[in-house]
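Below are two complexes that have chain A in common, paired first with chain B and then with chain C.
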Partner chain A sequence: MATEGLAAPVAVAKQRSSWAETLVGQLLALLASLGIALLAGSVLIVAYGESPATVYSSILDASMGSADGIGYVLAIATPLIFSALAVAVCFKGGLFNIGVEGQYLVAMVTAAWAEIELGFLPGPILVVVVLLAAMLGGMIWAAVPGILKVKTGAHEVVTTIMMNQIAISLVAWALNFPLKFSNAPPGQNVDLRTDQFPEGGLVGDIGQYFGVTPGAHLSWLLFLAIAAAVIVWFMMRRTRLGYESRAVGSSPGSAKAGGVAIGSTQLRLFLISGALAGLVGMQQILADRGYLPQNYVVFLGFTGIAVAFLGQNNPIGIIFAAILWGVLSRGEVALQIESEVPREFIIILQGILILSVVITYQIAKRRLAARQLQRAGAAGELDDSAGPDESGGPRGPEIGGREAFEAVEGSGT
Partner chain B sequence: MTNVEGAGGNGSPPLVVLERITKRFPGVLANDEVDLELRRGEVHALIGENGAGKSTLMRVLYGMYPADGGRIVVRGQEAKIGSPRDAIALGIGMVHQHFVLVDPFTVTENIILGEEGGAVLDVDAARQRVAELAESYAFRVDPRAVVEDLSVGEEQRVEILKALYRGVEILILDEPTAVLTPNETKDLFGNLRKLREAGRTIVFISHKLDEVMEIADRITVLRRGRVVGETRPAETSKAELAEMMVGRPVLFRLEKPRIEIGDPVLRVEGLTGEGKLNGIDLEVRAGEILGVAGVEGNGQRELAESLIGLRTPASGTIELEGTSIAGRSVFDIRNVGVGYIPEDRHEQGLVLNMTLWENAILGRQDDEEFSGTLGVLFIKKIKELAARLVKLFDIRARSVDVTASTLSGGNQQKLILARELETDPRLLIAAQPTRGLDVGAIEFVWKQILEQKAAGRAVLLISAELDEIYALSDRIVTLYEGKITGEFPPDAPPEAIGVGMLGGAKEAVA
Partner chain C sequence: MPFTDIAVALQISFTYFTIIYLTGLGGLFSERSGIVNIGLEGLMIIGTVTGAFGARFFTDTLELGLPWGPILGLLFGALCGAIFAGVHAVATISFRVDHIVSGVVINLVAIGLARFLSSAFFNGQSTQSDPGGPHLARLDIPLLSSLPGGLDRAFQSLSPMVLVAAFMVVPVWYALNRLRWGLRLRSCGENPEATRSLGVSVPLYRYQGVLLSGAFAGLSGAFLASEVIGNWREGQTLGLGFIALAALILSNWNPIRLMFFAWLFGFATAIPLRLNDAPVISALPPQFIRMIPYIVTIVAIAGFVGRVRPPAAAGKAYEGGGGT
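For the complex of A and B:
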């Protein structure tokens, strides 16, 4: 090893390239998978006897063609950013929080409770209190699987799924009893809902400043979501908690031997994730409806998993992924109006997108690994296996048995 | 280069000839016009440091990598080997360092996997064949056993049998002893001798010179992708081989610094836990290296992990300079001045997909030096530290921003050493510190451990390599079934220590 002179001096300054490269690689991968999804979608469109060009351009037109369209897209993206961040925070620490769904449902209840019970507070204070109540609700719901995980080892996937079911019932109970509207419009058979929240407790519409129709309900929660993404990024990359979380997520053994308290790290991640999840429903009840209805929008938590995945759990990537998701979702409207292609087409398109992302990211990852390897080789530290020690270097063609299993298991966490 | 005519047997024409094989990887020339001849019925050792191109060359022969230049002649005919399947058809098999077995399957099922022959399995017949095959080469393995219940040594036998079942005549073993205990190595060598008697050819990739001297008929030495020599055990020595491998003389015995042995630093009494530790008593003093010898699996891992706080002992005391640390957290124990070199550097040493600078502070992320009260990391300071460690320990890396996974094993170990020694711990626990490293890196690690001693620190060295124990220890104890079975001076004969390792020497010989 130490045969010849010193290694080339290590340049601390020459650091930017590798993460920039990763970013470009991921962006290219995302574009490529979008291309694949659109191509596969074209086949379906043609099967319906329509022209892909027309359908796609109408989707694009509806979503990006006007200020209104963009407003709608961003309003759709807002809760998804929170939701995907909640998923990503846990994922970095090796935890799979399937429970964002339940956490935001509970948070809507706690937020609605705060609106109604504390409605006497002046506007801005009320909003802050309501948002805190939502975050607290999400945290409480996330703390349960977190504590179970840390104390008993109960797998978070199982416990969070169960918590989701309980959350659904909890919302139903809240709407039927403590939060049930006090004065139904006379003589009308209305859906179950809470009372209208006080005007001061709602988040303001910002669409008006950008020429977006109030119907889009674009609110400053979008900025809160972007701020949350930046904060999460900072936390993960620049703080001790993020550092320890990533260590726990990628190598629990090494983290433990390094003195990291795994349980407390995981619990903290769950709480942060729950707080983010708590904000998912706010666009809906504070910007869109102004009350908690019975027919609240569901699946934002599960969609967050897909968006987190599209954004590769990178907070900044998640913002773009959420917007992309918003574009596609907004496209549904265009499909209904302008073509014979059923709206489910969008769901298929989103599905294909996820699948092709799986593939292209893997390819991009290998390319990046190969590049790293090339540099490693140039520095003369190459291992005998022609790949860095035991890492994701070029694998032999014979992957079977245990390795295959490990590959499958490993991809999960 | 000396070309030994007719070595290793009957002087028949070579079975396999590799001619001017060249293999490039991006940025590195792994094999540079390598020539190699394999003869029938020989054990041909292929030695060299990590990165010398041994495995690459054999993967070319096994059809895993296409060569960029040169040709392969098998039994007098030029062969195009495009895949392992082609290689097996030509009677060339390879057993990798990492086994590829299906855990829930039986030995027989694993061996016939891919060679089932027909839609309906005749498992009985297959089992019969496997049993016969195993018997003919003295492989101790039960064809009915389920792989997940087997030891590493047994799994390796299954891998070899898998190759033999496919009629392989040339068997390539990639560092087969790296995962074996001394006894398992002995068994393996017995098997290899049988195979040689039966006229099979074995390529033995290794960097353990003692083993090469013992088992090889011929030895080819690679350095930086080139053949630097070919010889036979009778015509060479370990020192000469090491020099060929590394390109400079290598010291097998380093000078132990003379230093006054001071007060006890670590005192362990009656340490018991989890069935693997049955009342261990130990004492390590300042300026002393205590070597814990023993066959692996006798509690070494549990001992190290209990001392650093990864396990909570059921009973017993652990004192560091008079303060009890038993049952304290890893964090606390590190903070009072204990460094830890884990036996598995991937499982417990490094976070492979994190950068060098991130790995450089693992365990010290709470230091005021590296993070503020709000938990914000001082990245600039951390990178400065990392750059300093990289330079100090001659860690070969492009920058401190690359992930630890891009480093070779030797450089990874250097990074761990650098990190653990940076805090100047009063006690260093070094568990199998040179596992899987090549000669040059071993020498480096040993020097660092001896420097700890010279600085008056206490070192607990746990190693399965007797060579290492002898090279470093001031005092040797043997560990057997979770008990200390003997204490020896550093010049005790290996036979005496061997008895201790097997639990024989209850009373201290020293």
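For the complex of A and C:
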């Protein structure tokens, strides 16, 4: 875009102020969308004949009012941090990995396979091997769309959608054939599942050290998730790969001219994203269940996309966004017990929140881009119709979508 | 292998064809107008819950009986699908949110909204309704349903909606290729700037395309819930919205070719249900057969076989006219 060229030289002098402006803009947009969601939620609550203040405070009380509540919230947030990070890593490079869903399903299969086949290994080594197997599973599943994107130009959105569907069948196959339980679990032999994993292959409960009930299944995977967020932040800000991927994400043309190997950068991002996605299901099978059940929790990958938007693709923002999501999810319990409002209200609230986040960020970004453009001396030319390509605000997804299917076209010629 | 098994598999494939084709047509209208719609699955989900409710409500509560109750139920599902697609339309057209982002959100929100609606519709049951809802009388297709050798089974006791879907290709093809409306809709998807310069409102046509996609996907969902299964159950769409998307891509966004791929994928879905004992197939786990449509699609978009060319402007933000 021409505007990139115009904005760049001026940006050197004004970098700090525009950076701060972006942050404030994002925060305002986030607060505005939270406000919209809570307001819309209030309307619903009133329609059910209850007081919004009571309902909201009971939600907060259930999630943040006790050590147990906080434990549950953090346990819910753990897989979401991994999946949102997986999404964000690709966003930075202008790629839209909506295949996190399939990647973590496959990873659960490879992890379960490692648990059962390598169960003879001593505890800590087994856990490490299992986590590596999970990351490898996610990477393999992410490599397919990555390689196809780089080699043939097949658009990653379409391929990852298809890979997600294939993964669902793959899990069903694994549970029916190679990993099907050999000795039926007592009492509940109707459900298809794998054998129980060896005790040493499970991740330990850390809730007990903080006075949290074991029922929350709070595990040290939370610390792993936070560490992953810090590593991703460091990688994006301080390493060559991070720099190159941001370059590819914001302007593939300039990146190429600057000597960045676009294909290899994109493929590496996909692999890192897949590795992170691989860890999404671990809380579920290693901390919560201790086996891979047929009724595994789905949609963690898609929810991760929502959390990534909420956290603005910023690794640290993602941690808080995942906790916010957990607070709302945990609030269901309060609604069930104390209120006439159905528990599905929470999902509606989350839905409205994410819709308003998407829209307000879009508006905020355009405003911001227009303002920064104006300051750069190009006012009037593009004005408010500054396209989504301009600097400022969240980057990744728009670029991914803007070129949606273009690559497919190119591949035909 | 007896012919009857093939015939029954064919009969099932017609039902899946109906679901996939109707949803695929929805995607066709949206993408031909320039708005990528990966939210088809979510739109279908809304169709299933509202369609199942509508069939019961119009038939039993309003005592309209057959066939008007089920028909209105189907239309109610289509209407609710269109309303929900309005969210995608507003986000992508008016606010210029990325199409993929909005589509993902649509799919995500649909599940929660379906549970919420379900608990409101069906006395607090959030994941299913009572089985055995009203549906249209089944019909045998004349002539074909008296074929010899067991093949008659394929054309017996089909829902009338199968015929509606099959003949839908005529008005859709005509509207897209022979009416000024269709020409304009398609040009919005190919070259919105040129379209605008002719004095045509691009957002207006895109809104129509997206709302139509919701109506078709909603109709398809309503058909699945009330005509095929008989009640609403969470997760009953089973990724058929994504299969429809796959069929749409392979069809090159063409309603006639879409018929073929919708039927082919419908048949692939029917195989594990009915043809388990056939040679070759019996050696494969049924889960692998379910993967076929998706693998074929990946191979096709990777350009290994044939070529697919989507509408040129699909997925791109359009800056001129309308919007914020």
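Just so we're on the same page, the second predicted complex is superposed on the first by the 323 of 413 C-alpha atoms of A that agree within 3 Å, B and C clash if a C-alpha of one lies under 4 Å from a C-alpha of the other, contacts with A are read in each partner's own complex, and residues count from 1 in each chain.
We adopt the following convention: a residue touches a chain if its C-beta (ideal position, glycine included) is under 8 Å from a C-beta of that chain, and two chains touch if they have at least 3 such contacts.
Remember, it's a predicted structure, so these values are computed and weren't measured experimentally.
Looking at the shared chain after the overlay, A:173 reaches chain C, while chain B stays out of its contact range.
Once the two complexes are laid over each other on the shared chain, residue contacts for A:256 go to chain B alone; chain C is not touched. Looking at the shared chain after the overlay, A:49 reaches neither chain B nor chain C.
After overlaying the two complexes on the shared chain, residue contacts for A:303 are found with chain C alone; chain B is out of touch.
When both complexes are overlaid on chain A, the residue A:247 reaches chain B alone and has no touch with chain C. According to the touch criterion, the shared surface of chain A, contacted by chain B in one complex and chain C in the other, consists of residues 384-385, 388, 397-398, 400-403, 405. Chain C meets chain A in the complex at residues 36, 38, 87, 91, 95-102, 104-105, 107-109, 111-113, 115-116, 119-120, 124, 126, 239, 242-243, 245-246, 249, 285, 287-288, 290-291, 294-295, 297-298, 301-304, 307-310, 312, 314-317, 319-320, 324. Residue ranges of chain B in contact with chain A, taken from their complex: 25-28, 30, 48-56, 59, 64-65, 83-84, 96-103, 105, 110, 113, 246-248, 308, 310, 329-331, 334-335, 340, 342, 344, 346-354, 358, 362-363, 365-366, 371, 374-377, 379, 383-384, 387, 390-391, 394-403, 405-412, 438, 440-441, 444.
By the touch rule above, chain A contacts chain C in their complex via residues 96, 98, 144, 148, 151-155, 157-159, 161-166, 168-170, 172-173, 176-177, 299, 302-303, 305-306, 309, 342-345, 347-348, 350-351, 354-355, 358-359, 362-363, 366, 384-385, 387-388, 397-398, 400-406, 408-409, 411-412.
The touching residues of chain A, counted against chain B in their complex, run 1-3, 6-12, 14-15, 18, 238-241, 243-244, 246-247, 250-251, 253-261, 370-386, 388-392, 396-403, 405.
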